[in-house]
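Presented sequentially are two complexes of subunit A, the first with subunit B as partner and the second with subunit C.
Here is the complex of A and B:
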């Protein structure tokens, strides 16, 4: 049963670049993204800067209005909702940001920050509000007395616990966590991940977990989508996607991710080139400028998303049964690095 | 010892907080050979950046105090301002985490790379600019000749870091300090920059002192590792030993906490607690309050770094004797 279904999501930003008003530029941040998140599951979205993963998170919460596509929370299409209905639905989805210092009001006590959503949405009243705040603080591993203190009195890890407690105040079904542990030291990161995993298991809350860190995603998530320049290039169960990548980009990303094991040291994978700008993405497959297997077909035609095996998708001509003949020669080379199901 | 590119003995750096001196780095000693990469790894507040800033004398003089001995190329540094001015950018150079703040936004990148050559080598500007183009080519910047005339904002993060590296290498330093050089970069760009640093270190035979919080980066390019916790080295040794047979419980815990992309985690391991603040350091072993093995002795006496096997030392009463 999926709690969140995203179908063909598109979000373009229009801006101007250059002096004297500049020339208009369209940033194709998200360009046709589809995935679903099951109830109580952690679904990862990984990719490098500029791939559109944060825009996906914000569009899902309707913090920004998507241009096209459908976002359904528990079967309700968010685009159909009137503002009052949207407000009523908001408590069911919450967000945790990367930097808990800038997302907490420095002049507000922790107790005030946590009790506000409870009051606004009428989840409790009177003394019950503070009682709920204290229970939540204890649930995330902080003393109840933290309610009387201010954000600056806490360390980064503790602030992220506070942000998690605040996301939990309205008992949501879905939490969008955007780089939620990226700013934390390794030992603190492990503590926060452990806490989120416990909460997920105990409360059955689902996570849309946005991260650039493949290790963190593998530890926390069950399934994931890999994004490159506004599109999902591959999706499936985390373990199989990382161990048997179908898409050349997933392979490069995995090979470039440092492994804490010097005995596995090899020549550092050097994916040549840089990530092109989302203002002028390459034609055809966006990855063709950096792909070792790119052909003429890849330069001109956008690959369609296929499902070579149940539960895994990939958008690459190498895996498209309709392009078998065109890609045959290239496939022979790719077979050493990529995984093929047929 | 004198053949070491850099040799640090009993370095202690203290800061003045609320009327008292608190050591942020305590009694630190290490050597760095030519053509060697030593990684100093630790979490925030471990003192790894302060170590490098102390060696380079980049800390504000008021409110900080540096003690100990630093030898570069066999010569003891006095820490005198004129001497440091001569050495920085020449015999010792540094690259930082955020290349945008380290580069001057209103100067062409070519000029910024050429500047140390004019400053330290007295090279005329035209010649230095030509050399800058060659250096930019060497660090893998395409069409270096025209890009040398551009400004930092016209470069991507990875390219800016390459410019920083070109600038640092202009005078072929004996030692290059790299403080979290790839932390702000995407993984595919990080791999490019780490590969470049490794190649150049080897080509130029310099000592590379890499400061990082990432055990993955350490495993990828370091020869030797020093693990820092709360201002002191708690374990040091060859990279394969540190990862395969960690001695100190902190190193062991840190390694177990790392989320790995190459295998499934059955459960998440975490070290309880957090690094104590500078003015609230416990007496005895500073890791003892978080340590699963701590004994009465650990809470009272500070262990010293003891050699356990060849070149592999740790400061731990339980695992390494630690007789001071």
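Here is the complex of A and C:
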């Protein structure tokens, strides 16, 4: 049923820092990420900047080669494919980018930009190509006459609609939307989100929706994964993850985002400090430097990902039934709030 | 096709609003026409000697005067334009094509391809133009083709550098990533998505370096490295006149003026193109 399955994805970047060549540094952008996206559903990936969520999106599309792990599209392992097979598979997954100003070739008319993929992959020929372009433009709420114009003649929101139309030219099963509405005004955001939701329902296309905006993810996605420093700390259905977070990080994220209710309960735990560098992530649980409940165990041992309730995962020692650490037990008693399993 | 048309749009936009560069274009087109129509326009034969009318000053009969062999300087200047403009345009076209392709490939593929190509370009660049010219002419002999080859060689590394820099910027844009996500081949991405977006930068330098190439050719001819006598070239004519600069200054001045006009026209065109490229200037002009 799942269109995309990512298992234990790892991507490290090697770079050098400092003068005269510098010393080599490994950026652990993605450090063992697993999740799956069902056909026709919107799956959110949230996290702070630098947590590796965009790298996940690019690795899924094989725009960057993953170091380890498996990415399966509809049961096909992408790593096994030869370049020609990969190119033939590419139409099934497309991408929408954050910046609508750099995602369209300024020297190409909209018609040329939309017809090029159709022609390259032989999805249509002759007059049928332009017909398809016009249908697509209308589908994303733009006039067919837009085909003759250049990107600079459109606003950011319109360009994002064009980018969506381009992603749809190849009838994909999966669209990776990397911060697709973050650069837009709030009112335009709502329109574009509504459009994507309609397309999802009408065409049955699945979305891997990468965003830092919890509100947007909540309205658009069905399930989500929360990332912190290259790892998934928690995943599950959007409603329960937001309303009853299991991981202390999700808890504080939730507390940090505004609630439109003045009588709402004050946040339990606010995050302090900066997100540590992915070049030298903390030992054990990556979150222990900022976690209010961290114990010695968290500093030394990487927590297992457990599934306390069906459909929800969390990577935290507090939720690990096999952990018998005494310190942990006292913490668990003190913060009952984190243990709503339902 | 679309590459050429978009470049044409940029260029026309540049010249419509810029009077000096419009003049440059008119001047350059006129020079090209004169060179092309030389056999029709020229009043005399460029090579046939006439001892009786040697070293005549400019007059109605001989517009630019005559040289030591009594040949009409105006006629020779017209024919000389053919050599100078051919060398300028052909060597720049060759150098631009080869150099830009190398630069784009280096910038696009990066990794080991980039240092490999660019270090080779650095080696080429380290030879002064004149030395390269002397080496090539010494190896291949003086002729029009060899002068073009020599100048092309000096232009290739320059164009490679000019093309590589914007390629590095353009390849990081999201639309190039989108192309890869759509399964386009590298060649398609380079031809339809990278080159159109760096072409204007390259064309500006092409117009300026055409002027340079014309001067280099004149320099080669002056040193006797270029096209052999009696074929007229502007540089060669200056050299012949140089010996009699005090008795018959017109023999050097007129071919010198021809070089000046050609170089000036190309520089005006290049400046106009560069103005059109500067987004701030463009915006100011669009609003005004």
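Just so it is clear, the second predicted complex is superposed on the first by the 316 of 342 C-alpha atoms of A that agree within 3 Å, B and C clash if a C-alpha of one lies under 4 Å from a C-alpha of the other, contacts with A are read in each partner's own complex, and residues count from 1 in each chain.
Definition applied: a contact is a pair of C-beta atoms (placed from the backbone, for glycine too) under 8 Å apart; a residue touches a chain by one contact, two chains touch by 3 or more.
Note that the structure is predicted; figures quoted are calculated from it, not measured.
Asks: Examine A:185 and indicate which partner it touches, taking first as subunit B and second as subunit C; both and neither are also allowed.
Replies: first
Asks: Which holds for A:256: it touches subunit B only (first), subunit C only (second), both, or neither?
Replies: first
Asks: Per the contact definition in the header, classify A:15: touching subunit B only (first), subunit C only (second), both, or neither.
Replies: A:15 sits against neither subunit B nor subunit C.
Asks: Who does A:280 touch here: subunit B (first), subunit C (second), both, or neither?
Replies: neither
Asks: Looking at the overlay, what does A:88 touch: subunit B (first), subunit C (second), both, or neither?
Replies: Once the two structures are laid over each other on A, A:88 reaches subunit C alone.
Asks: Just checking: does A:106 make contact with subunit B only, subunit C only, both, or neither of them? Give me first, second, both or neither.
Replies: second
Asks: Of the two partner chains, subunit B (first) and subunit C (second), which one does A:155 touch, if any: first, second, both, or neither?
Replies: It touches subunit B, and subunit C stays clear.
Asks: Given the touch rule stated above, what does A:135 touch, subunit B (first), subunit C (second), both, or neither?
Replies: In the superposition, A:135 contacts neither subunit B nor subunit C.
Asks: State whether subunit B or subunit C is in contact with more residues of subunit A in the superposed arrangement.
Replies: B
Asks: Where on subunit A do subunit B and subunit C both make contact?
Replies: none
Asks: Would you tell me which residues of subunit B are touching subunit A in their complex?
Replies: The contact residues of subunit B facing subunit A are 43-44, 156, 158-159, 186-192, 194-195, 198, 213-222, 239-240, 243-244, 253-255, 257-265, 268-272, 274-275.
Asks: Enumerate the contact residues on subunit A facing subunit C in the complex.
Replies: So the residues of subunit A touching subunit C come out as 58, 61, 63, 86-91, 93-95, 97-99, 102-108, 112, 116-117, 120-121, 163, 166, 169-170.
Asks: Residue numbers of subunit C touching subunit A in their complex, please.
Replies: 2-3, 6, 173-175, 177-178, 180-185, 188, 192-193, 196-197
Asks: Using the touch definition from the top, list the residues of subunit A that touch subunit B in their complex.
Replies: 48-49, 155-157, 185-191, 193-194, 197, 212-220, 239, 242-243, 252-265, 267-271, 274-275
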